[in-house]
Amino acid sequence: MRARPIRPRTAVCAVASGTVVGRMVSPDNAEPTRSAGPVVSLRDVVAVLGRFPALAGASLDVEPGEVLLLKGPNGAGKTTLLRLCAGLVPLARGEAEVLGHNMRTERDAIRRHVGLLGHQNGLYADLSVRENVRFWARTAGASAEEIDAALAQLGLDGRLASVAAGRLSAGQRRRTALACLIARRARLWLLDEPHAGLDADGRDLLDDVIRRAVRSGATVLVASHELDRAQALATRMVTVAGGLVYTEQNANPSGAQPGTVN
Amino acid sequence: MSATVPNIQSQQGVDASWVSRRWRGITSTGFSRFLGILAIVLTVWLVLFGLIFSPPDITQQSSVRIMYIHVPTAWVAYLAFGVTGLSSAMYLFRKKHSLIWDRFAGASAEVGVMFMGLTLVTGALWGRLTWGVYWAWDARLTTTAFLFVTYVGYLAVRRLGGSHHARARRSGVLGLLAVLEIPLVHFSVKLWRSLHQEASVANPSGDVKMDGLMLFSLFVGLIAFSSLYFWLVLHRQRVMYLEDRYEDADLDTALAERRAESTGGSHG
Amino acid sequence: MWQTARLVAAKDLNIEWRSRQVTNQVLPFAGLTLVLFAFALDRDDITARVAPGLFWLATTFSLIVLVQRAFAVETSDGALDTLRVAGVDPAGIYLGKSLALAAQLIVLEALLLLGVIVFYASHIRPAGIVLVIITALLATCGLAFVGTLYGGLAAGAKGRETLLPLLLLPVVAPVLIGATRAFEAAFGTRGGAGIRAGVEISDGWPWVGMLAIFAAVFGAAGVLAFGPLLEEA
């Protein structure tokens, strides 16, 4: 067995013995941020979609500044995990804290600081690229310069800016959604298949966007099947399968050695 | 397998307050049996008094007997919708957000819709016999019809799905909105009718001369239907509780299956 | 809250300006309804008499279409999810969408009024113009508030196309009744059972009060309730 599931029992043991699974795996990141606490902390989380338990007792800790890659087969629960962190999926059982706030009771405090790029882009088809970015940025109180910067960063400041979002290609829509996300200045980025539809240039831009976000203090969770690309960026990698989270070796070859939980 | 099932607090954990424990246990107790027996006995009484002992009305003859069902069902329906509104408020505004209130709201609305349907049917039959028409655009009738449709909509919203608490929140808001809506509808319909010329039919009620036995029959009807209402609501909310619990129990098997998925794949 | 409301309203109106869906589809629909009413009633004297009622009925039907459209825009590409994740103030979203809806309704009503005057040979008494304007404004506010509230409730739900009319139509009944009576007073016509003409303008004002109460009650309810309703569908 390559991956070791964070079974709730072991997680309880780990907490009881004063260690947290995530830190054991990536000791390099752990020390400087210990005081701040994990950005995401899930304990035995169950999330139900209709009758289907998309998450079946998942536990996960994400430290500040991490770029965590979630991999796993289709239908494993990656999307639900990200949507749960965004406060879109209710917690059926278990405990979840995001950015230090309880997911059950303080959802409003979490939301302002979370940005989600889901399967859907959240764009208004009839509005232009610039209008879309401007709307989403201004709901977060961003200034005009930040909006322009976000557009420029994704190469949307030229002719494309005035094209209606509905007329764009899938990759261009993805880029527009990313620009909206940048302008919103989230502290926790949740990217669900961000590579989907992007061409080579777009993927470079995406990597760049993620690096900049981390540099500005954000934490990033990426669910992706583009393992080569994502691994180059990720500081750590976990596998999601059957609604559970399995920790695995460090994604970054230059990083620490694979850790195990005692 | 059971050894690895997480020690997770159940969804009912939130709910296991004194309220739910007390009300959950209220079916198949002495009290609920008493209510049921009372409802049966009083219904038999109502049949005897309504159909046999009470005299026919001077003007309406035997059609007056419909009143012994019509008036109590109307009363119970209004009571039921009141309970729905109150329970909705209890769910939304109490800190605990106990699902027990949501189930009471839903159970009460279901029973209320049923009784309101009976009210409309018996009212229409009585109207046909007495006024010669099934329906008149009288303020009270119109409000009643609107209420009926509103709570049919409420029940449709309850069936939308989602988690128990999502259902409770959505229908709770709707239950309160319905309470806001009722006076507005009633007021507007009343104003509408009063500004118009007199309704083309006789004054709908109140001119029924009641003798003692008739009043008593009506009284028996009120008590009979009220106890029937309480009995039905208690048992309906109990069934709803069991349904919710059944879904949660389903969840435990579904969870086990879901977790097994990961061992069957590339990670086995 | 008001800042958000302004943003959302401007966004919704901008979308309408770009797509012209209301102009190109809802307006003809409403106009068509008026024509079909005339076919169904088939008597000039009757259509003239019931014109106010038909006007508000056509407006109510259009309201349902407009509300569906207003929330289809939010749900088609997951914008509603993004609004929730971004923690945009629900009260602001509610007011913004209501405002945009009201603006579209006002334009629709102005054109429908023209249609009623042309098709049904209605005429507004000069003294009734103020009554018509105030009635239309208050009724529109009420319709927009209720429409947005129930639209938000039905948004994202299965079978929302059929659920919305079921929920919305009973609630807007007071507006339909009130606005119709007030318009009758302004038009000097009277539908329904009493065939006497000669309604006084002053007969309309109690209805205006009722419409104001309706708008205020549901506006306040919407501001409070929209947040809980938007939480996971």
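Which chain is which? They are A, B and C, in the order written, and residues in each are numbered from 1.
As a working rule, a residue touches a chain if its C-beta (ideal position, glycine included) is under 8 Å from a C-beta of that chain, and two chains touch if they have at least 3 such contacts.
Remember, it's a predicted structure, so these values are computed and weren't measured experimentally.
Undergrad: In the touch network of chains, how many steps separate chain A from chain C on the shortest route?
TA: Step count on the best path from chain A to chain C: 1.
Undergrad: Which chain is most remote from chain A in terms of Cα centres?
TA: Chain centre farthest from chain A's centre: B.
Undergrad: When the centre of a chain is set as the mean of its C-alpha atoms, what distance in Å lies between chain A and chain C?
TA: Roughly 41 Å separates the two chain centres.
Undergrad: CA centre of chain B versus CA centre of chain C: separation in Å?
TA: 31
Undergrad: Could you grab the centroid distance between chain A and chain B? Build each centroid from C-alpha atoms only and quote it in angstrom.
TA: Between these chains, centre-to-centre, one finds 46 Å.
Undergrad: Give me the residue numbers in chain B that touch at least two other chains, ranges are fine.
TA: Counting only residues that touch two or more other chains, chain B contributes 161, 163, 166.
Undergrad: Mind pulling the chain C residues that touch 2 or more other chains?
TA: 232
Undergrad: If I count partner chains per residue in chain A, which residues reach a count of at least 2?
TA: 90
Undergrad: Which stretch or stretches of chain A touch chain B in the complex?
TA: 1-3, 5, 7-9, 12, 44, 46, 48, 50-54, 56-57, 73, 76, 90, 92-94, 239, 241-244, 246
Undergrad: Show which residues of chain C lie in contact with chain B when the two form their complex.
TA: Contacts found on chain C: 149, 153, 157-158, 163, 166-167, 169-171, 173-174, 177-178, 181, 192-194, 203, 206-207, 210, 213-214, 217-218, 221, 225, 228-229, 231-233.
Undergrad: For the complex, which residues does chain B have touching chain C?
TA: It is residues 92, 146, 149-150, 152-153, 156-157, 160-163, 166, 169-170, 173-174, 176-177, 180-181, 184-185, 187-189, 191-192, 195-197, 200 of chain B that touch chain C.
Undergrad: If you look only at chain C, which of its residues touch chain A in the complex?
TA: 4, 7, 11, 14-15, 18-19, 73, 76-79, 81-88, 232
Undergrad: In the complex of these two chains, what residues of chain B are touching chain A?
TA: That would be residues 4, 6-11, 161, 163, 165-166, 247, 250-251, 254-255, 258-263, 265-268 of chain B.
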